[in-house]
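The structure under discussion is supplied below as structure tokens; questions concerning it will follow.
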Amino acid sequence: MSERVYNIEEAPNIDVSGDRYIMLQIGPSHPGSGHMRIKVWLDGDIVVKVDPDIGFVHRTSEWLSERREFIKAIPIVERIMLPDTIHANLSYITTLERLLGLEAPPRAQYLRTLAAEINRITSHLYGIGIFGIFLGSSTVYMWAFGDREPFIDLMEMLTGARITYSYIIPGGVRWDMPKGFKERAEKVLEYMEKRLKDYDDIWVKNPVVQSRCVNVGVIDKTNAIRLGVVGPNLRASGVYYDTRKHDPYAAYQNVDFEVPTFKNGDAYDRLLIRVEEIKQSMKIIKQVLKDMPEGKIIDEGTYKQLNPVMKKVYDERARVMFPAFYNHMRPQPGEATGRVEAGRGEIFFYLRSDGGKYPYRFRWVTPSFRNLPFFTHVAVGYRLADLPAIYGSVDYFPPEADR
Amino acid sequence: MSESSAKERKLRNPIVGHIRALAKGFKYLVEPNRMTLDYPAETMKLPPNYRGFFTVDDKKCIGCSMCEMICPPQAITMIPRVQVQSGQTVPEGAGQGKKTKRPVVNWGRCIYCYFCFDICPVDAFVPSGVHDLAFYNDKDYRPSYEEYLKPPEEPYKNSKKVVSRPDLKRGVGYEPAP
Amino acid sequence: MGIIPLIIWLIEDLLYVIIFPGLVTVMVLAIIIIYIERKIAGKVQMRFGPLWVSKRIGGALQSVADLLRFSFQSFIVPEGADRLAFILAPGLMFAFSMIPLIFVPVGPYYSLLFPAGLTVLLSVALILVTPIYAIVIGWSSDNKFSFVGSLREAFLLMSYEIPFIFSVLSMVIFYRTLNYIDAVASQYRFLPGIILNPVAAVVMLIVMIRTTGRFPFDITEADSELVMGLFTEYSALFFGVGMATPYVELYVYSLIFSLLFLGGWWPAPLYSPGPIMGLILPGLVVVVKAFIVMTILVFLRSVYPRYRLDQAVRSGWGYVMGLSALAVVISILEVIFL
Amino acid sequence: MADGEGLIFLGNLEEVAKKSLEYLKKKEPITKMVSWGVNFSLWPVHLMTSCCGAEFAAAASPRFDLERLGFLPFGGPRQTNLIVVEGTTTWKMARVVRRVYDQMPAPKWVIAMGACAMDGGIFWDSYNIVVARDYLPVDVYVPGCPPRPEALARGVMMLKEKIDRERSNLIPSEQR
Amino acid sequence: MNADELKTALEAEGAKVTYDQKRKVFDVFVQDPSRIKQVARKMLELGLDHVVSVTGVDYPDRIEVIWHASSYSVDSLEGLVVALRTPISKGPPRQAYDPRTRTYGPARPPLPVDSLTDVWPSALFLEREAHEMFGIEFRGHPDLRPILLSDDFYGKWPLRKDFTYDKSELKVA
């Protein structure tokens, strides 16, 4: 087990001048860093200071969305959080619906919850895969990415795209559930339950993983709250907080699920909590599939504005077409905020409109950007080989952090 | 919200862990459960509403350029055309008739979100189900209107069409498409 | 008159060293084992390994394709690196990892220039020279990652040398000889080494995993911390040679393991003169056993992640050293009572 | 004697060696063998430039498994001969990709993957975006946002055909 | 401690509080920027223990700096995001385009406001981003360096409404 040499408070301001320390640049072209450069000051094998240099994938999503119509921000917001696109789309549309004063019908809310939970499972599997390759086990990477494929097939049946769905629009969703979807989903969930048992032996209970992750990157409850960490990393430190329970959206009020939390806040707990959350998401999907209400998938106001050709297409092929006003939506002046619990944590949205075609202020914060204190404060004092363990356990996705 | 009980975690004894891990690895070594799609030899048959490459139905389109306005990456440009009696459109000077516009998609910028499909008042876009094209230089992926009208052809037409189905014993298996 | 048998004798030795257990088999086996490692990792991960290289025989020519690519790539020497050490080190490392093969007999028909008496001692001593070149490689290429990689190699080298010598010592004590052929002979009369002293076998396996960088101890080329560990700056054929050296070491170690613990050429007749019965047949048995040991070690890549440096060093001085001491005690007790 | 090249085996040894090497490089059997070797050992450098990296990782996953075609994502730039520009590259990332491209040994190729790398995709008018064509010689363009792993496999197959077509200048001449 | 108690407590601090349940906006407007730290400490005592986002909004006459705070520990407050807003003056407008140097005059100095990282440590990186995007200088911030943008965009404050850029002058090689 590795002991902490420095505590959290004085972590970032240790002066590293002088030639006692080696400075390693774990740069963007490094198998252990993803799209960012981590400047690490090493004293022997102990990490003394970490300075993450991010912004390599800063695609100016806020600046662009302030120069385009409201509907065009959906694909931009999705491309930023690629492993978890439905939650980006859902958080933007929930906030936009509050600005427009729209309300999605119950069937659309259930479809949104269904898509969100399937995407949460694929996002957690993506995180487990990356965590596996950072610890060196290519089998877990292959298994996790292989087991993502049945869920991606489900979303392909539902929405027609592999990852970037653009499935949720203001007022409802774009496609209804195809016929064979329910049986296919039950088969996939059954397959996943069997596979989770195999993960236990190779990954969760693997002695090498246990020795690499227990008591590594420990962040206790008070520091987790003080540093504003977010998502499963927060619940792994014992804080009972989940936006789906505390600020419910879509159909999460009438779906009962349990929020798993652990106490020790180290890399091993963050690993366990992701497996627990996959089980919870599978439970939610079963409930949503069981009591999915009938009815329209777009709200009344938009349905009335469809022209006859579009109405015929909607009745035949259950595909929502856009009425003409989608191209230039003009909400009344005012502002709205919205929060959604994505796979990696909580997305926060703040929209302000001045009555024009373009949003006046389009501000959103993604979970990975709020997990940055893990590098500067928590990774200090452990060894160099612990940095990939902490980086993987936090499930940090740089394009999402750079927005 | 009640404070839900924090879960306890059980660490497994290392020796047992080593044996179980090696046993599981060996089980997967001998079990016949590959999930690989041998791509050039077999290709996936995708669901009907898959968003791949698409073309426009020349007769149905009324040239209202709504698709050009809503396309988020502005990949659609409207080409001025002339509509002759037979409904076909011909380039600018080639015939007389009503002057109209037709959309052309620049594949290099299109993000396949199908917003143009959904805003088109006459539903004139035709999906083609082809999803795996690649190009050598940038002139190829900016088609002219005539090239854009021809539906793109499958690169591997004679490959076996399969559909994936998860099954408990063999992992994710593939069966010939119905 | 004495010249002709001497010349024949020399030609046989050259054939012995070059062809059979020597250079050619090592190269062929190294290429095959790399291919098998990728195939096994693929199979456990529910996918095909390399396949489309030669589809009918399951992609077996993949390593040949890699070798071809490496040999026709342009080789870059960074300015900061000191050229001589940078260019020579991988070649020397590859050569030195094969020298112990001279002293490892694969059959009773075995005659060479050096006295046959001290083969175990000489082969063990020469094996421990190779990792030193790994440190030279890391030191000479002017790159922080390979510098940290060479420090790690130095740490691990020291912590796993003594357990290896203890485990060989415990078998030598039991067989009361420093010569492989007598060791194998005593295993013919008695039980094979692995049943006699399993603790020594386990220690030897752990040390083999460590020195050849197989998976739980893949710390020097840990690609998620240091880009490629020692070989970050190497391109083209020198990287190919550098990547093949651990597999050659793996072959040499598993030869020694099968001679000392798995009863050498057990089903084949013990003493039989002549190059066919004395060398080819028993040699095949030994190489097959070594190959099985190599596949088991290579299989570990698909099961384990990677240990941390301090865990490996601590366990090296800690329980692996304890186990090897226990092995010596066991063999001493067996000698007294059996 | 090869026509037009005059007598190869005259002049001092070092010069003769260079000339014969040049001559041999163009010969059919050697280039065919080397192009077969290079075609089935196209190792992309492990540099995820942006969000298409998720599909690049899915291409290495068991379902699409591009290791069948010899496409093994590898750690350092020195040992690889292919760079896949996945999606958007900002100014900061473009300089890194350019430096990694320069560090790679001679026969190297570039695949521009995804709409953002080809024409800027949905981020085309952002102030922080550079298109792959502006700073790298691109060989194959793979459209899609993100392109399916099969499209990437199709791009790799087309790259193989391109390498086979231009196999005469496959073996690099200068040694750095 | 529910929304109304929070409203009365914060109004005691002399801040204008508006609460719109339907659009989930709980807005605390502090007219005088120097009293920000005092209101922030009061919010911390009331249970809003971490910052969700720090940003600016560029109006024609002023720039408003907004801290969105929320609470993990207090149960009843968890459904709420409280926006702490202060206006700061914008300083001199941008000069006309000068074709010779192809810029809009020298880079405008950042606008001072005091940083709340000692009240909420979670605002560390968020304030760095607001600094490089809006040119708000957070006094008292431990290390105020640009975090997302490359050096050639520092000083141009991209998210301000009058930002334009000229792609030709940026080089990659």
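Chains: A, B, C, D and E, in written order; residue numbering restarts at 1 for each.
By definition in this document, a residue touches a chain if its C-beta (ideal position, glycine included) is under 8 Å from a C-beta of that chain, and two chains touch if they have at least 3 such contacts.
The model shown is predicted, which means the values in this text are computed figures rather than measured ones.
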Other chains in touch with both chain A and chain C: B, D
Graph separation of chain C and chain E (steps between touching chains): 2
Farthest chain relative to chain D (centres taken as mean CA coordinates): E
Far-end chain from chain A, centres as C-alpha averages: C
Chain occupying the middle, per Cα centroid: A
Gap in Å, rounded to a whole number, between the CA centres of chain B and chain A: 24
CA centroid of chain B to CA centroid of chain C, Å: 49
Distance from chain E to chain D - Cα centre to Cα centre, in angstrom: 45
Overlap residues in chain C, where contacts from two or more other chains coincide: 44-48, 51-52, 223, 227, 302-304
Interface hub residues of chain D, defined as touching at least two other chains: 61-63, 65, 68, 75, 90, 92, 121-122, 127-128, 145, 148
Contacts with two or more other chains, residues of chain E listed in rising order: 78, 149-150, 158, 163
Full enumeration of touching chain pairs: A-B, A-C, A-D, A-E, B-C, B-D, C-D, D-E
Residue numbers on chain A that touch chain D, as the complex places them: 27-31, 34-35, 55-60, 63-64, 67, 75-76, 79-80, 82-83, 126, 129-130, 141-143, 145-146, 148-149, 162-164, 399
Chain A partner contacts - residues on chain E that touch it in the complex: 22-25, 49-53, 55, 57-58, 66, 68, 72-73, 78-79, 81, 83, 120-126, 129, 133, 142-143, 146-150, 158-159, 163
Residue numbers on chain E that touch chain D, as the complex places them: 149-150, 152-153, 158, 163, 165, 167, 170, 172-173
Complex contact set, residues of chain C against chain B: 40, 43-44, 46-48, 51-52, 299, 302-304
Residues of chain C that touch chain D when the two form their complex: 38, 42, 45-53, 59, 61-62, 64-69, 72-77, 223, 227-228, 231-236, 239
